[in-house]
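After this come two complexes, each holding chain A, first together with chain B and then together with chain C.
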Partner chain A sequence: MAVNTVASTTDTTSATSADAPAGSVSLGPAAALSCRECGERSPLGPDFACGVCFGPLEVAYELPTGDAEGLRRRIEAGPASIWRYAPLLPVPEDVAAKPNTNPGFTKLVRADNLARELGVTGELHVKDDSGNPTHSFKDRVVAIAVEAARAFGFTTLSCSSTGNLAGAVGAAAARAGLRSCVFIPHDLEQGKVVMAAVYGGELVGIEGTYDDVNRFCSELIGDPAGEGWGFVNVNLRPYYAEGSKTLAYEICEQLGWRLPDQLVIPIASGSQLTKIDKGLRELIALGLVEDRPYKIFGAQAAGCSPVSQAFKGGHDVVRPVRPDTIAKSLAIGNPADGPYVLDIARRTGGAVEDVTDEQVVDAIKLLARTEGIFAETAGGVTVGVTRKLIESGRLDPALTTVVLNTGDGLKTLDAVAPSSGPTAVIRPTLDAFRDAGLG
Partner chain B sequence: MAVNTVASTTDTTSATSADAPAGSVSLGPAAALSCRECGERSPLGPDFACGVCFGPLEVAYELPTGDAEGLRRRIEAGPASIWRYAPLLPVPEDVAAKPNTNPGFTKLVRADNLARELGVTGELHVKDDSGNPTHSFKDRVVAIAVEAARAFGFTTLSCSSTGNLAGAVGAAAARAGLRSCVFIPHDLEQGKVVMAAVYGGELVGIEGTYDDVNRFCSELIGDPAGEGWGFVNVNLRPYYAEGSKTLAYEICEQLGWRLPDQLVIPIASGSQLTKIDKGLRELIALGLVEDRPYKIFGAQAAGCSPVSQAFKGGHDVVRPVRPDTIAKSLAIGNPADGPYVLDIARRTGGAVEDVTDEQVVDAIKLLARTEGIFAETAGGVTVGVTRKLIESGRLDPALTTVVLNTGDGLKTLDAVAPSSGPTAVIRPTLDAFRDAGLG
Partner chain C sequence: MSVNVRIPTILRTYTGGRAEVAAEGATLGEVLADLEKNHTGIGPRVLDDQGKLRRFVNVYVNDDDVRFAEGLQTPTPDGAGVSIIPAVAGGA
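Entry: the complex of A and B
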């Protein structure tokens, strides 16, 4: 055990300021930021672009090596949240004792009914992240961003969002005792607006599209008005993104410290897929799972499928598109991590595929009626893509497969509402019941 | 360990029929049904009213006694769901291996921010059941009913519902491979209808009120058309209701096998409150927690507060009311367990109190902005009542208190929507940001 013997003393009150000297920040095993393009290292700080080549930064670690069995026991004795993996995350060692939403350790559901319908003869599992505190995987990434925000002395938590992220930031800031200010397009659905507003932070509607919201946030970071603000998906992004590694950790631990053979993961920016791959490789390097091949499959909606198109076309470059799909949480037309996703799908022998909105709705209902899981549209995308990959012979039905559901059907009711109503409406009499053919 | 050495062999295929001979059903430690009024015992079966006095039946147990430490270790080594308490529930010993939604073991959230706002100096905790599979405590009770349905050979799972229960039954039946047929008033909100329909079972809208739906279901049970049907909240009610005991077990285990001093519990039919009390008394009898006093407080909405009115008036009888409140999941005007609730509140030195709809909305927002928990209206009722009880000196702020949130704010958006919107809507410029006073 290396770095983790240094106890963190940073908390909200004793935190350093945003321009604190390098080396004063203690985030567990996080050692530095590292450029994903040129490899240049820089100290831990609220930075997201390489000072040399402008490439994206990610967290580099000094992970605890040499005692896999001890690490495994330590994890298993930890809390039922992502904090059981604190030794592998950019967070202080005492993170579980701080006020946060304690997301993660969601159910890995053995999906035998779905397997029968899809012709899967091996093990099929659904990793169901609708069980998180605000019912999406965003609680994982935001919880990590909160710790970075505390470490860098930020007092306001912010983001641009079209829904899931807004709720996750609002809830996490409330519990952590941070101010929050969330930016959304002004014409979002009421449900998403309410969930973003109810936690009591500032909620600012922007007259414009999500792209306008994003551009505005980038301006705000460079302005004195944005001083002391941690934008979870901009200047805290390197830390934030690491939260998705916990999906990899949990899946393997819940399989009995075993790699799945195949994973089907949704693609929005592509960050989640790349971090799950990173997490799996870490578990192998640490000796926590046996080193054997796994395949990663990416899933998009046809109405926003730039990575799928690039994969099918054999391109290395992802050409931006204008999204038009009911899978709004995946509707990023210019996915920042698209090229990395292509690398991973090709390296592992996986693929990237897409399904139509109609197939998304069918898949939501298929998952609901077979396993009792009501997924958001992103879950319809992964289940629909899984079916398509099996039918075309690219996903092996005899192996162990894990399909991700990253959100909750209650947040995307409109997708299934038109085709989900009563099978009959009757008067309250037995005759009416029989006449309707129900008896 | 007594009864649990007898392994259950009942499952869907080998199950007995509804009129199977007495003694052929094995539901773990459940020994018989017992009348809550006259104490008359009858064999385990799909019965809900005493054959002698028509009183309500409940499950009587032969619980494992004599080895508290062994039982505690066994529970702690069990799954992260209500099935860790299988030795104390009317379910087969191998229940965790059967396909079900595995509800429970939801978070007990230490609510220090809320405590500060309410002037609580002791420990304040929120038991947050929005983390269940369909985001309400109903998953607990339905999961137990599913096991009873299997044991009695029922092939259709049914209920009358206005929302939470419909979703829980639909999901549980889907996963268990049972047919489901759920009855609702035909004019429910779209969100509840969608969630009831998406799991693919029959959903029947009844032209009438919830009372009409209930009456119709009672008729159906006596009719050949209802043969083989398990109505979770009618002929399976004695088993179903036991699911609420798990809230008591979890709270005490999560407090480190310790009784809380005070609990604030919502009242709809009153069943949940009475079963939590039953669960606490069982833990004391089994030696799993120290025997010391606890107080149980019941919480109602002013617009449907028959038990609160009876408590305040010093009556033993609960006079039915016509519900008019936004807390629809608590809107039972003639609560079956009302008299038992009065007994428990008086016996333990607690109270029953109610809050207005305005106070409910305020309390939902208070909980959201202090702890990042978005509760349904029932959670607003318990938090609002907690505040009222503290202000009037009836709840001791220096002691350990647990407040229940039994559902999810996403299902009752209308309650907070009118007062939860953006704090500002601006053009995407820094000038507009500053002009709005946000900079």
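Entry: the complex of A and C
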């Protein structure tokens, strides 16, 4: 099998966390780290920012090419988890045999009822990632980060989180036998706090917004107090982010090795959207899907919509905002990958749109009553934005569209609780039932 | 005005490995110029060819992101803490 080098040349300048374990590591097809801004290359390590320009580092691969059919058969014979795509991920070949949460291969739900409501005449699918071990897509990215943490010799797994990630890190660390210590804004939804705490790791509430938490973690990583810590979305971020590529792989495989025409993806930092695009382009390059145009649409809540505002304003940089929305898992006011989201939306002919909190709640209920899927607020954002894009004619209702639901509605009960309750409360008699107009 | 500047790991090759250094200046722009004078090479890492903050650098004066304040013109009162942080962290 031939080898396709997906990035080039070498250099050694990059940001390494203080006193991190170093040395040669083997992470499958991962060949090096490469700066997304200036192309500077560096060896695989617990690094995240380019030493030349501060740009984000990402994993460059030597992917197997030349035998697409053989690769497809190997994937299809693999486990029903993200590890079926191990040949395309920065993980050791024997990853599936190690203790981890085995996330992924979640349902792609054909959403005909929702399609009728929205006036969609083509295929409409919901990629329902609430089916992951801790009920959000974060299990995918964390599973990859755990392998990087092992490779670099870290013994503590950590993160800054809007809630879902904290739970995913806690669970993955418990399974892997690592210590975990995670940081969240102090005012998160109770469901997410409990889900983060129950796995037994340390959970620290920070008095501030997610962006404050993120800043704190970035400073901790350069301090002796953070020595030996693998922060999944800081010094392990190049590896961790690759986990989102598996959403692209699964969607295409579940469509019968076919690209969707349109995808609607939530934006928090924007990393997930950019990695789904990367995954789609890899499948095309490897010959696993036919090369045809696709459009990527980004979805934000109006109360935290810096990328949407930049898209609408025609800007190529994103001005940070202070979030104020019920969609807390998307409430990142200073999104690290925002500029790349703008590039992708424009390159593919998509768009970035936002919806109000009221529209988010309506969309959660719409998805629940049409398809039996209870989405967290981020899912309400994507469904709400899908409706808005159809109404404004930017999303073609005749084509094949995939909408992402990245988390379980049980995590954000507060959003719908005020308007969701019993139809009636009655005495246990037939007369009471009829009197209530239910018979 | 003397301020305390927190240096990220990525830039500590310019400060002899020190995580914090002192610098002078009444604005962030003056502080960065003083840093460059005493730790040559650090300036072009933080500022681009046009002299603007690179887009993947976050700078805080005390608790305030300078992008919400006056950018390089943000005042740096005596005793203030300045933090330079790579912006690519967080999220997924």
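The rule is short, and it goes like this: the second predicted complex is superposed on the first by the 409 of 439 C-alpha atoms of A that agree within 3 Å, B and C clash if a C-alpha of one lies under 4 Å from a C-alpha of the other, contacts with A are read in each partner's own complex, and residues count from 1 in each chain.
Everything below uses one rule, namely that a residue touches a chain if its C-beta (ideal position, glycine included) is under 8 Å from a C-beta of that chain, and two chains touch if they have at least 3 such contacts.
Every value quoted in this text rests on a predicted model; they were computed, and no experiment measured them.
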{"item": "Touched partner set for A:Lys138, first chain B, second chain C, both or neither", "value": "second"}
{"item": "Partner chain(s) touched by A:Leu413 [first = chain B, second = chain C, both, neither]", "value": "first"}
{"item": "Which of chain B and chain C A:Asp223 touches, first, second, both or neither", "value": "both"}
{"item": "Touching partner for A:Thr423 - first (chain B), second (chain C), both, neither", "value": "first"}
{"item": "Chain B versus chain C as contact partner of A:Arg215, first or second or both or neither", "value": "both"}
{"item": "Touched partner set for A:Phe48, first chain B, second chain C, both or neither", "value": "second"}
{"item": "Contact residues of chain A, present in both the chain B and the chain C interface", "value": "212, 215, 219, 223"}
{"item": "Residues of chain B that touch chain A when the two form their complex", "value": "80, 99, 101-102, 105, 107, 112-113, 131, 133-135, 167, 170-175, 177, 181, 184, 186, 190-191, 193-195, 197-208, 212-213, 215-216, 219-220, 223, 225, 364-365, 368-374, 408-411, 413, 416-417, 420-430, 433-434, 436, 438-439"}
{"item": "Residue numbers on chain C that touch chain A, as the complex places them", "value": "6-10, 12, 19, 45-46, 54-58, 60, 63, 65, 67-68, 83, 85-92"}
{"item": "Chain C-facing residues of chain A, complex", "value": "14-18, 37, 48-57, 137-138, 141, 160, 165, 210-212, 214-215, 217-219, 221-223, 231, 233-234, 237, 240-241, 243-244, 268-272, 317, 319-320, 322, 332, 334-337, 339"}
